[in-house]
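Heads up, the next two complexes both have subunit A, just with different partners, subunit B and then subunit C.
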Partner chain A sequence: MNVTAARLGLLGMLLSALLLTGIGTGSSFLGPDRVIAALWGTGERMDMVIVWTLRLPRVALAALAGAALALSGALLQRATRNPLAAPSVLGITDGAAVGVLLFLTISSDAANHLTVPVAWQPAFAGLGATGFALLVLLLGGRHRADPLRLLLYGVALAALAKALVVLLLIVGPVYRASQALIWLAGSVQAAQGRDVVLLGSVLGLSLPVLILLARPLDQLRLDPDSAFATGLPVAAVRGAALALAVALAAGAVSVAGGIGFVGLLAPHAARLLFGSRAAPQLIGAALLGAAMTTGADLLVRLAFQPLEVPVGAVTAALGAPFFLWLLNRRGDPHA
Partner chain B sequence: MRHVLPLSFLVVALAVLSLHLGLRPTGPATVWQALWGEGQDAAELIVRGLRVPRMALALGVGAALGVAGLLTQAALRNPVAEPGLIGVNAGAGFAVVLALSVWQVGNLGLLTLCAAFGALTATALLFGIAGGGRSSAGPLRLLLSGVTVAALLSAGTQVAIILDEKAMEDLLFWLSGGFADRPIAALDPALPVMIGAAGIAWFHASVLDVLAADDETAQALGLPVVTARIAILGLAALLAGTAVAVAGPVAFIGLGAPHLARAMRVTGHARLLPLAALWGAALALTADILARYLIWPGEAPLSAVTALAGVPLLLALLHRRAPA
Partner chain C sequence: MPDTHIALREAAAGYGVRLVFEGLTLEIPAGQVTALCGPNGCGKSTALKAMRRLLPLRHGAALIGDRPVTERSARTLAREIAMLGQTPEAPGDLTVRDLAGLGRYAHASRFTGPGAADRAAIDAALSAVDLSDLADRPIAALSGGQLQRAWLAMTVAQEAPAILLDEPTNHLDIAHALETLDLVRRLAHEMGRTVVVVLHDLNLAARFADRLVLFRDGRVTGQGPVSEVFRPELISHVFDIGCEIVMTSVGPMVVPFKNSRAAAQDGQRKAA
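Right, the complex of A and B next:
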């Protein structure tokens, strides 16, 4: 336990360093001391403006989106007992994108102005994500013994969602298709304080549920029969975990687009580092996910500035080979 | 022959129909005049300049994709396989985007070559990763690996597009897949490759028959299974790659056409292959016609139309087949 705590602490420090570097890096570089001073509100006025209005929203959004997606993936993998499950693999990300575009299409007037508050956007993302998640789970649920089939249903429904997205892009008011495409690919470049607050509150609201779920999730790792024998309401726990996973993914997608493979990669890395117990694995996954997206965003800004390469492209480039390895390694896929 | 003739009639009827329908429907008389006359009337120009090229591209690309799908399914012994799903289209797409943006290739023949090369590379990559040479690699596993390879290649394509803002519009249009507003000259270098690859496959139809059985039978009959499988997949990649070079990535036609061909209760790939080509052309023409009406008065992207029709088929196939 002490080892785990020490590792979590180290990871937290690493994440803080990444966040400080991320906030400090840009067209004018700020050292960590100046960043911290500005965050405390004691820095120079220019530094404060740069940090609070330009850099912090983007970095914070990247970190929060990574944490939300990682938690979503960890919950999905536990609830479906499928090590390859993740929001992007199961079509949940694309379902959320359909919801967002549907919202933009039906709630815009002729001049492309929204007629309802933008705060409704995540609700529609959640609706789309829930719809597609339910479809995938209903179709794939019949084949419990066959984890790969569930994923293929996800792939098929993701293809359907992508087609709907393309159609909505054309008929809808998102006339700047290239911008929408960047958002769909997962991007935090246009982050605003509003987005950070929104995703932060989704994460904050999910925290108590996560704490309540930690013990039952540990019991769920046993096979369903023994879990049931211990008096665990298996279906309820699984349903709550799935609902939470869908909500977290929808929140992340509605503000940061489809950043892929973080939800797959981070839970596995967390399992390797912190073991299979729910509490440390979930905390570790959230920290790792945040570190991954923050790092990917930093990489994008350092390597491609002034071009805006979507973060999702970087996470896909890193995550896809890992998924291939996971899929094709010899031995038990249920590890 | 029993099925080829009626199916050919269907394809011809669809082709003729596609000349008449659109935002401004034209009567048969106008179409006839446009085809054989020299008139400069707006309706005639639309038929001659827009609809005839679309029809020709749909015919060629659809047939190529249908055959590519049949070959892929036979070689991988997997009814759910399709060039678009296993990442072959994405490989061709990545190669073309690289060729256009990084190497500034303007020559259509060279571009076709790049697309074919990209498709072959993606196939080889998938083979290497998922061990497609072993029959023990489960069909679902192979498919998922292909999907992931496609995701990886699409990420590369995205970066390449964003790095080259000048060509972004063109690249995005090309990547959307479809037959409208594309240069018909692209068919010139592609058609010989398509016909050649399909012809070679047709002459070796017996190999396909044996390969589609099981490995033991194939080996007992003296067939070098792995070599044959690689050769067939290579032909499929050539067909799919050149199709992508012409019309951009179009998915699900390669999935649907072979199944429609098999549904006609024909045995033997020598007979299945022409049927798959005809069904591919018919599906492409139908999708192209539907694309004109789906979001009237706008034009829907072809890939969206094929996905809307293809995903239910994919779901049904997944539902029906025995576990991997």
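Right, the complex of A and C next:
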């Protein structure tokens, strides 16, 4: 227990350091002291402008998107009892992107202006994500005993969703085409305060549900029959966990695009560090996911300056080999 | 005969389009060990799942006391009837105590977590299966017999008046099998639980159970006290074998041999 707390504390410190560096880094470097002062509201006027309007939205969005995707992946892995489940693997990320582009296509007028409030965008992301998630789970859920089957359906439907995204990008009159491109790879460069508030509220609203789900998720470490025999309403808990996972992934994708592999990698790393208990693993996954995307965003800004490389490209470049390693690994995937 | 604790009435259940049994009626008396026996695929495990509501009935009812099991929430039902399946699964980093603690889900408060009553039940269960010394060991580091006992501890910690066990001696060597069945007997005779156990081994069933239920092709072909059901003609019919019952100092034993029909067919094959 103390080891767990110490590790969580260290992770929190690592994330704070990454956040401060992320906010401080840019065309003019700000030291941590100046970043903290500006965040606290006691900094110089110029620092305040740089921090609050230029840098914070991007860094905060990267962190929140990473945390949301990691939580989504952790919930999916628990609910499906499949260690390879993740929002990008099950077609949820790409489904959300389809929803977003569908929204942009049908709600843009001839001059590429939106005819309805942009606040509807996450709702469409949610619809797209839910649609594709349901398809994958219905098709793959018939073969419970075979974890790879679920994955294959997910990969097939994700490919379909990707094709739809490209099609909609080319065919549709798209509102700010450059912004639309971020859903292909995932990016936080165009972050706005509005996006941060939106994703922040999705995470905030999911918090009480997560707290209520902690014990049921612990019980779900048992196989479904044993879990039910000990009194867990298995179907309801799975349904709630899946719905929350879809909502979190949809929220992240609608504002930051399909940042790949964070939802797969972070829960696994958290599992290795914190074991199978739900509360520490979920908190650890959220912190790790936030640190991964913040770090990846920092990397693209430092390494590829002045080019803007989507942060999703980095997480995918790091995540894909890990995914291959997982697929290749033998033995008990859940231990 | 004591009161009926669990019953199936005109029950039909199966998987997909295949019905494993229909019109099955079965009564389990309170406070005794009832063993369900029969050849593979005869419906004994399916009957157990139907009693625990792990499988929906297509027809008929599963009753506990005199109320259908479908009338209770998952949590309430778990306080009345526990079950250990054939292949339970849990992550290897759980300790023995953690695993036993999972048996307390239906009792522990949703908000404050496990309390004194839960800890007492877990300790009692661990000592009943003789695992108190290994309480803090991760289950991945247990031997097969220890792991099976850890799962039994979870089931016992649930403190349900009825316990269903599906092949609890599977994969156990004979010493651990005897130990496990000894615990099963104590659960019924010392702790007053009603125990239903699916057993492959007829001799162990006859030795440790109070009552036998013999299944064949989804039908009950005999049920009652061991002395009434453990008969050569009944066992021959159920398993399609010839057999003899011999009395030993620990109880009756069945000695199976190929029945005359099968032997005749075998003879013909050899001759040809």
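To be clear about the criterion, the second predicted complex is superposed on the first by the 325 of 335 C-alpha atoms of A that agree within 3 Å, B and C clash if a C-alpha of one lies under 4 Å from a C-alpha of the other, contacts with A are read in each partner's own complex, and residues count from 1 in each chain.
Everything that follows uses one rule, which is that a contact is a pair of C-beta atoms (placed from the backbone, for glycine too) under 8 Å apart; a residue touches a chain by one contact, two chains touch by 3 or more.
In this text the structure is predicted, and so the values were computed from the model without any measurement.
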Original post:
If you stack the two complexes on chain A, which partner ends up touching A:98: first (subunit B), second (subunit C), both, or neither?
Top reply: neither
Original post:
Touch check for A:222: first (subunit B), second (subunit C), both, or neither?
Top reply: second
Original post:
Is A:137 touching the first partner subunit B, the second partner subunit C, both, or neither of them?
Top reply: neither
**OP:** Based on the superposed arrangement, let me know which partner A:275 touches: subunit B (first), subunit C (second), both, or neither?
**Re:** second
**OP:** Pick one for A:233: touches subunit B only (first), subunit C only (second), both, or neither.
**Re:** second
**OP:** Please name the chain, subunit B or subunit C, that touches the greater number of residues in subunit A.
**Re:** B
Subject >> Touching partner for A:244 - first (subunit B), second (subunit C), both, neither >> reply: neither
**OP:** Scan A:307 for contacts with subunit B and subunit C and give back first, second, both or neither.
**Re:** first
Subject >> Those residues of subunit A which subunit B touches in one complex and subunit C touches in the other >> reply: none
**OP:** Please give the residue numbers of subunit A that touch subunit B in the complex, ascending.
**Re:** 84, 139, 143, 145-146, 148-149, 151-153, 155-157, 159-160, 162-164, 166-167, 170-171, 177-178, 181-182, 185, 260, 304, 307-310, 312-314, 316-317, 320-321, 323-324, 327-328
**OP:** Name, in rising order, each residue of subunit B that touches subunit A in their complex.
**Re:** 80, 85, 129-131, 137-138, 140-141, 143-145, 147-149, 151-152, 154-156, 158-159, 162-163, 165, 168, 172, 176, 251, 294-295, 298, 300-301, 303-305, 307-308, 310-311, 314-315, 318-319, 323-324
**OP:** Mind listing the subunit A positions that touch subunit C in their complex?
**Re:** 215, 218-219, 221-223, 225-226, 228-234, 275-276, 332, 334-335
Original post:
What part of subunit C is in contact with subunit A in the complex they form?
Top reply: 49, 52-54, 73-75, 77-79, 82-85, 87-94, 102-103, 105-106, 110, 113, 140, 154, 158
